[in-house]
């Protein structure tokens, strides 16, 4: 029996106590095709997801993980921290469960690069099996994948924002200045995520080595842009939303119409990438699976400026996971995640 | 030697790692008369206060409390949680140190009421010595006090907002609907104070038994209003600021001009109470020692409406502590806390 | 031919340039049954709605009203200011168009009351035809209505929040303290709605005569509570969301279980009213058609406290209009407005 | 009689109805040396400044400009829009009044550059007289100046943030990504500054030609960095505060310690520039005259990253104007603007 032949594939969400996992649970529970089989968490066990996140209205109790009970599913979304995810993914794959992993554990194809930016890889044998789940680049591979490494939120915006230029071979150098809302920092409560710290404030963080850097570089290199990038991140007082400002030095002169033509062509058929002339704001894409991009030429310096906005919890994580799940189970790509 | 004869009284702040204690430290360090003798904390020991709160620019290292080293001061501000404060206050009083306690431990004159709302009182013998540090009501007593119980932020606004009516004997019943920014919840990091929880949200909390209730009732009773009050609190997405909306059913008809006359008279000479016609906003009093009040009559229902705004960290806590300290050491009442 | 027999009723939105009208247009455009026939505006004519409100993704050009072109529809939503709406409503009714009016013009059944709080009524002859569009109270009447007066946002929360007590005859007196986000003030740009004014601020407004007062009183009186109410409103720094704190003095003792039983019974079958024990926050209902209510007894004062939260643009206006439209055209009540 | 010999120079603020002018009025009114001679405005004439901006507590009535009455002062601050300022400045200089102009009209030394970015210069004859009022670069010239062009908020941060590198001749190329709170857009009410538009949003604006670009380039060129820069700005949901992220490609290898040494040396004696290791946040400098800077090397790319934070209304405009005024009248540079 092929996965596609199952009328209503059962999907478990492991790590549903965090922002991304909880949203995945909501999207699956409302999904016309999938059945939400289980939600597990490492804290808050025994609480209803509805009590932790009232606005999601998912009336399911968070359980402690028990693979004998929760592993009998067609697919799983793993929303564990980096490092902790790999072990669970390996167990699930051992049971034949198709997995979408939200962590960074299977995004980098080279275990040495992973080791350089994270730690020794906990399950290097699985890396080869993993498909990088950015449908706009790897749609065909995702369709047949058993293990999808769901991209990071910043890489999703950065790669979508730069792919047309990278593919055209015109990126000599790039600076990416990223700005994100606080949900990107996760649910962990600390001085850094306390309302009083963040409110009326903004600051850079993880300078100069943010862990999403090698992920962006890997994918740009696949497309043809092999130089190291400059990538910095800033915390902004809003809950959901990411804006990336990309400053590209072209390898050869590239004016605004030429640059825009590359984007128009690249994304003409993409349902979840909007190329616009108006400068994008994160409110334009809030709670959607959209990445909204505008491209501008600066005649004075010859630079090409690209702005890309998305919702870090949606296209940046959870709704993109559902987009991948739809592809894996031969469903319409936008099922359950299309803007109201 | 009387305290007043000391040119530059030394003041220690115990519990300077929290929002209120840190602000006290800043106000004392900038104060023309007092010397900041020490700052202690229970976490963050060894960090510079400047590192924890860059905007205060107090370059002093947080130390672990050692009374033999830190107790040789003319005065201390104790910024400990309820219950924990009383013990330290007792030790300080035993050394002859004059104390301003920011906790609730010495605000209630009846240990049984304290026990009903908090726990068994840890130092009941000291209650009688304590003066309730609302200068607008107890200025003379504060001047000679050795132990000042600094009022709660909500009670400060509520009592200032209702005192003229209470004193006139016209309060038959009152509902107080309080709205506060997040700094009132303190520096503790939790789901409740996480930016993502608070942002774009508002909700009631501690319903129907907020611990500031007996403090407000006690002081209104002293002024002549002896009925239980309805007092509820709401968390609002801003950092500093409190707004109390007081709905008074008068014992006898009281029109707007009559009500306003009571306030004009009560506060004509008070430097830190502003009676205005315009409806007050918390931004009007941000980072000041001001309580801003407006009074309105509702002819349809006969009710008198009073709105009182203050900054919970300033007039609601830290700058009011300095106001008290100024009185205790015969300094001009507004020294070091007057609006730029 | 009855309206129900039309497969896809055409609906025009007049006044789609404002927040409420634009959201109505979005909800209708995405609705499985209705067809968005036209969007008109009084400013921004010629601009795409998508350009004014990118996040709605409604690619329709705002046109100047021309009833000969736009009046040939089965239904219309009129999103005009108070006073201006009545004239257009009269013209549409003259053409046989079924109308949902978002303004206050047909909410008050007594033209004298309207005159007292607004101005002389511009179309008093139509008042009798109008049905007050709160489905939880007037579902049957809405089904057959040709003119629905869509309730105000505050009255929706207040009436839903107090109806069970009013109907039981136990309200001796009530104070309603309302808190609202800024979208309730509409799209008009002024000092009052400027970001810098609102941010980190909160203040009462329209004290003591907010125009929603008679609307609330009218409906509470229908249910049996005839006394004037105290109703005040406060502006809070968030975009969408309303929280009403209702302080009820019961006519006779009513404890918490008794009060809660009234609500459980009243709303057991209502899909869009949630009665909960947890204190409600506006984020719980953001972008939903839900009104979320909790009920609490205060044994010390005998008061019953009711908190009601909704999204002022959704259940407070636009999604409630669609709820009414669904009823009028015999569609499932939640079609097109049910939470994802 | 030299200006310095006047005990209490009278200073008028023209254009005190806007954010910057109003703050100048407050700082002068509280200043130990200067006397606030008059406040004029073009709208709000007749209103008390205290009514427009309650938190400033300046009880002065905004008057219509009448130079015969208001021109008899030792100094004036002109807070008019670009273009409108020059004419008033010329009139004031004709009367011998020393002027600090907050507009861009006298910042650019080349009228042709002004014409390219703004319009034909309204008073080119005065350009030569003007001193660019960034005290950290032009302290000596400001002391003797009769006309000071107060820098733009972005240029203040950009130039302070890059001056040590520019002076060392190591800037081969630079990208400046600027993020600002909404007060930078001024008090004008529009869709763009409406709370509902800005809240939970962020977006680039004025791409790719922000008018502060030539001002930054001019001053960097004076210091030795002559290439065009890339400069973009982003609107962030907070009221006051600016953060500039500067990405410098050095002309020759420059590691982090070398870069930091340049800054330590450049700013060792500057009271209003803080060079720190911790990544700066705008809250660190809120309502101060401080510019806070951190410098980082990115070994992977060889880039030097500089982050500079300031309060756009304070060091970015009004308190820097007072800093200049202090210099012009031989007062201590920080008088009246030093952090509490």
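Think of it as A, B, C and D in the order they're written, each chain with its own count starting at 1.
Operating definition for what follows: a contact is a pair of C-beta atoms (placed from the backbone, for glycine too) under 8 Å apart; a residue touches a chain by one contact, two chains touch by 3 or more.
Fair warning: this is a prediction, and the values are worked out from it, not measured in the lab.
With B-D and C-D as the two chain pairs, more C-beta contacts join C-D. Using CA-based centroids throughout, the chain positioned farthest away from chain A is B. Chain geometry summary: the mean Cα position of chain B and that of chain D are 37 Å apart. Separating the centre of chain B from that of chain C, both taken as means of CA atoms, is a distance of 40 Å.
Remark: chain C and chain D have CA centroids separated by 46 Å (rounded to whole angstrom).
Counting only residues that touch two or more partner chains, chain A has 197, 199-200, 237-239, 280-281, 283, 286. The touching residues of chain B, when paired with chain C in their complex, are 173, 175, 177, 179, 181, 197, 199-205, 207-209, 228-230, 232, 234, 236-241, 243, 245, 247, 249, 279-283, 286, 296-301, 303, 305, 307, 309. Across the complex, chain C is touched by residues 19, 182-183, 187, 189-191, 193-200, 237-239 of chain D. Across the complex, chain A meets chain C through its residues 26-27, 30, 51, 54-55, 57, 199-200, 278, 280-281, 283-288, 292, 339-340.
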